[in-house]
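Heads up, there are several structures right after this.
Across the two complexes that follow, subunit A remains constant while its partner is subunit B and subsequently subunit C.
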Partner chain A sequence: MNRMIRQLTRRSETYVLLIVILFSAFVTAINPAFLTLENLFDLLRSSSGTAILAVGIFLVLLSGGVDVSCTTIAIVGQYISVNVLIRTGIDNIFFMFAISIALGIALGAINAVFVSLFRLPTLIVTLGTSSLYHGAMLEFVGTKAVNVGGLPQSIKTFGTMDVLTLYRPDGTTYGLSVFFVMLVAVLTLTYFILKFTMVGRGIYAVGGNLEAARRAGFNTTKIQFFVYMYAGMLAGIMGVMHLGLIRYSNPNYLVGTELSIIAAVVLGGTRISGGTGTITGTMIGVMLITILEKNLIMIGLSSYWQQFFVGVVLILGVSITYLQAKFQKTGRQIILKEEE
Partner chain B sequence: MNTIMQKIKAFKFKEPKNKYLFIVMMAAILIMTVLMPRQFLSAVNIQSMAAQFPEFGFLALAMMLAMITGGIDLSVVAAANFTGVIAALILTNGTAAGLATTSAILLAILAVIGIAILCGLANGVLIALVGVPPILATLGTQGLFLGLATVITEGYSISGFPTEFMFLGNGTVFGVPFSFILFVIGAVIVWMLLNRTRQGFTMYMIGSSPTVSRYSGVNNTKVIMKTYILTAILAGIASVIMISRANSMRPGYGSAYLLQAILVVVLGGADPDGGFGNIPGLIMGIIILQVTQSGLNIMAFSPFFKKFMWGFALLLVMTINYIAQWYGNYKRVKKMKAQASIGSA
Partner chain C sequence: MAEVFLAAKGISKTFVGVKALDNVNLSIGKGEIHCLIGENGSGKSTLIKIIGGVYRADSGTISIDGVEMHGTQAIEAIRAGVQIIYQDLSLFPNLTVAENISVNQMLESNQQTVNWKNVRETARKALEEIGEDIPLDERVENLSVAKKQIIAISRALTQNAKLIIMDEATSAITSEEVAHLFSIILKLKERGIATLFVSHKLGEVFEIAENITILRDGKLVGVYPSQELNEEKLAFIMTGRNLAFEPYRYDPSMKGDTPLLEVKHLAKKSQYRDINFTLHPGEILGIIGLIGSGRTEVVQSVFGLDPADSGEILMDGSVVNITNPRDGMKHGIAFLPEDRLTQGLYEAQSIGDNIVVTILDRFLKKSQLLNVGKKRESEAQWVEKLSIKTPTPDNPVNSLSGGNQQRVVIAKWLATDPKVFILDGPTIGIDIGSKHTIHEIIRGLAREGMGIIMISDEAQEILDNCNRILVMSNGTIIREIEDSTTITRDELLDVIAQRVAVGAEA
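Entry: the complex of A and B
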């Protein structure tokens, strides 16, 4: 028990979770509407997409890279697939998912070519590809937003689909969105891959040390391709979910929000140098960022403070992590010196 | 005549990569000239090109300094935004409160430098003292600076500066844009810093290997702190030119410059892993970017196509660099093998 507590105090996720709980308590004290089942369901519905994207970015960070093109892939998948649906007249949500996911995987594979085959720095590659993908879409596909009126019916149905319906006292209903089920499915699948498959263990190995992983017999090219294509696939899924959520497809949405998602993943204890991190931590990080972004208004601050707070939280979070690492190291050095 | 030819033949670029850059730059200029000789080589176009790039040239200089030490500064544009908002507020409110225009301008510029130093100090402390990787540290401060700028302005733009202030970004001296002169001075100072001072030398050293530089008695912490302060000051200068050129300031101005700055710095021969990067290469990179940009503008390409182009160009340059390096290694190994086989025979 003692050991468990000691281990917990060493992990930054524990502190982030504490901050989440404290902040929630604070928000509830000011505005009791926060801690109602209805608001929680609403938070889950609006943040499931972000969480799925965060899982993709988490995998990339775990493998020792950074992916800033995920949000661009999501919007490209969304915008192109919804346009295909409108032009062909096929009003089917699965068809839309298929197109968006296929696009996501393809664009992820392009990222992987530069990262894995040409060994270029991942941040610069994904900066370049996100500009490339977004520019190409705006130039060759279109720039006009699709509003609710032009949206295929199946997407609207998908966006309001609930798996669990509850009644308010006055007889109206609210419910747990299908988005949450999708998030759980993605989390389970990713957990399974990371824990029980060779590719999953290889991601940790590649993130720890690429050369060592290669010499240990891992097919590092395959692993890196898998990571970027998987992240692309999740981005494709998120793109469709985002459209279901906001019912308005603007080709300029989402782009630029990647930094706050990376911030969430990093706050969840994933090292940017790769090899360390957990899915649980990632979800805690997403919780923190979501609560921060969605509830500043609830405590009476204007939305202009959003970016500021995300920046402050990120700086504090990573500072604590790295200071801890520094002190642990110097502590170890002192012990070593004493032993000499 | 003969001696000139000999001199040209004997001329060597200090950085081998600059030879290719020079060829690409000349090719870009030549192509634009051939495609539209009347518009491209007109005095108006050359003047406007010289006035367009300094604001982003300063950001590129800043980015290069960070990259030489093996870091990256994602907060340059945000720092420029933040300092720009402060300067804009001083300029508009200062004159309204009865300050003389010249003192308001001086105050604004001093405030920009002062706040830039604070911004750089924040980055420097995080990176050098706390030990946060530069990507993460500057990602955080980017949110912080941009957030502050947004909170102060509440998203509105501030405009209407004194006409004297507009000279910095729009004025000309004997037909040469004043911002261009500022950039030349800035580039020369940075060149001297990199090639003639201890700070510059140790920056390259840290970029190549921080461990080696520490064991050879370099105070890494101090050098990196100074680097990020310099970076932020350069971003501040960029912001002054930016708001003066636009005669207004709004958070989010110039967000496209981040990618372009990284593109130009990598194009100019800097290595994201640190240790490389030089002013002549960077300037050739800037000229290539500006020439193609103006060319695309004259040919009326959409901004989306340009976005596509920059991403494509960045990836292309990086890939070519990689292949050239790989090919060089391949040739060297082949040569060594050949020598070894001769030796054994």
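Entry: the complex of A and C
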């Protein structure tokens, strides 16, 4: 028990979770509407997409890389697939998912070619491909936003679909969005892959020591392809969810938000150098940026403060874990006998 | 000799015109403890990579357990029972002990999913086989190098290893840990598992090896039963030069009245306490002790890195205030750090730039611009003076061998005209030929009147080169040996390990 507590104090996500709890308590004190089931369901609906994207970025970080192209892949998947739906007249959400996911996987595979086969630095590769994917889409597909009037019905239905409906006292309803179910499915699947498959352990191995992974006989090419394609797939899913949520497809949306998602993942205890991190931590990190984003207005601060606070928490979180590691090391060096 | 397990015959290998191996033989019996020794560049790594199936030999045959190997597939050698433990150990720092041990077996069995019960069971069994008890759930990054080595050995055992090849196994662990490693190797031997130590240095491995194969410049020099060799003879065979030399003799007439450096009651919380010593011109003072004894911390404080909390440092009899390396340099102290790569060299920069970095201000013209001509002149001088092997000082410093890099660091500090030169582990990772040259340089400096402090892990190195020795343990000096000729290596080792009563000065 003691050992568990000591381990928890060494992890930055513990502190992030504390901040989340304190902040929630603070917001609730000012505005009791915060801690209601309805608000919670709303938060879950609006953050599930981000959380799914964060899982993709988490996997890439775990494998020792960085992916800044995920948000671009998401918007490319969304914008192309919604345009296909409109132009073909096939008004089917599954069809849209199929297109967006296929695109996501394909673009992820392109990233993997550069990262794994050409062994280029992942940050540069994804910076490059992100710009390339976005530019190509704007040029060849279009720049015109699709507004709610032009949106296929299936997307609107998907966006408001609930798996659990509850009644307010006045008889109107609210519910738990299907988005949350999708998030849970992604989390479960990812957890299973990471914990119980050789590919999943391979991701940890590659992130921990790429050369050793090669020597041990892991197929590192296959593993890196899996990571980037999986992240691309999740981005494709997120693109569709994002449209369902905001009902407006602007090809310039999402791009530029990747850094705050990476920040969330790192806040959740994932090491930027790869090999270490947990899904739970990632979700705690996402919780923090979501709560900051949605509730600063509730306590009377402009939403610009979100960026500010994410920065503060990120630097604090990293400092705490770094200082602890340093302290542990010097503490271990020599223990002098007490002088009488 | 016992039944032969591995027989490599007539192995040759050429890399882009350079003959790395020329008709080399290596034979290891079942359960034999064998040692492959050669200087850097002698071809020993190439040979083990050929045995491990990483490279294909241009000619020659390798047979394992009577079966001739054909492929270049590492997996073929692994299946035949050959496991190579590289110097970096190839472990996953972020994963647990259990997973690190079992990972190869899991990959070998080609399974797609992970059964955590099996993972732990495999690891537990492997550790049990060599009588080790390391918590299965500990992350490998939290373990000492010695423990990591044990993990790597256990992992080799899960693959039914019959021959474990260990590259530079003893270079990063303490002598106690070496003894422990040897006890494990002997256990493996009892079970018929052979071990091949690959090393560029003589030393501990000597005690345990049955036979020694020596390579020089890609050629086989000979195979000797270890009892027929001693270190001196081995060094001669290995380098082709006679390297035996007299211990350093200090000429007491150089001593003078005031010591060059005097340290009084130096203390630093949780690192060392009450440190007193003096250093006279022409002395080579050795400081020895286990890692963590505080030896490095003390000299770092004297130089100004990590200053002491209390105590006095006197240079030429007057108290000086040294709180940072600039102060240290100003008072004529030079410091060669233990890890030359991270602390002593700018790797990507030229040899010349590395040498003059400490004295750049001397080449400043009135206009505050560098006098490039003067700088180059000085660079060339130092390259010549320390016989650094390079066609030009403009070559990057990482193009040099370890021994030559070390000379660059020494040159860099000599350029500052120090009165006191502190060398922490001056020959770590340097092969025997270069080591000898560096010792000669150090002795030369002392003879010219410089005061030298030398820290080393190797008792022999300290005995050969220092006229006076301080032994540290737990942050204090436990013994001062006034004349190093009055103590033998074994006695010194006993003092370090505190196996004898402290203070029983001979």
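We adopt the following convention: the second predicted complex is superposed on the first by the 332 of 340 C-alpha atoms of A that agree within 3 Å, B and C clash if a C-alpha of one lies under 4 Å from a C-alpha of the other, contacts with A are read in each partner's own complex, and residues count from 1 in each chain.
Throughout what follows, a contact is a pair of C-beta atoms (placed from the backbone, for glycine too) under 8 Å apart; a residue touches a chain by one contact, two chains touch by 3 or more.
Being a predicted model, the structure only gives us computed values, none of them experimental.
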item: Fit or clash - subunit C, subunit B, common subunit A; value: clash
item: First, second, both or neither for A:212, with subunit B first and subunit C second; value: second
item: Contacts of A:196 with subunit B and subunit C, given as first, second, both or neither; value: second
item: Contacts of A:204 with subunit B and subunit C, given as first, second, both or neither; value: second
item: Which superposed partner A:178 touches (first subunit B, second subunit C, both, neither); value: neither
item: Subunit B versus subunit C as contact partner of A:223, first or second or both or neither; value: neither
item: First (subunit B), second (subunit C), both or neither touched by A:118; value: first
item: Subunit B versus subunit C as contact partner of A:276, first or second or both or neither; value: second
item: Broader residue contact with subunit A after superposition on the shared chain, subunit B or subunit C; value: B
item: Subunit B to subunit A touching residues, read off their complex; value: 72, 126, 130-133, 135-137, 139-148, 150-151, 154-155, 255, 259, 262-263, 266, 272-273, 302, 304-312, 314-315, 318-319, 322-323
item: For the subunit A and subunit C complex, residues of the former touching the latter; value: 195-201, 204-205, 207-209, 211-213, 215-218, 271, 274-276, 330, 333-337, 339
item: Interfacial residue positions of subunit C with respect to subunit A in the complex; value: 74-75, 86, 88, 90-95, 99, 103-104, 106-108, 111-114, 270-271, 273, 292-294, 474-475
item: Contact set on subunit A toward subunit B in their complex; value: 66, 114, 118-121, 123-125, 127-136, 138-139, 143, 256, 259-260, 262-263, 266, 272-273, 302, 304-312, 314-315, 318-319, 322-323, 325-326
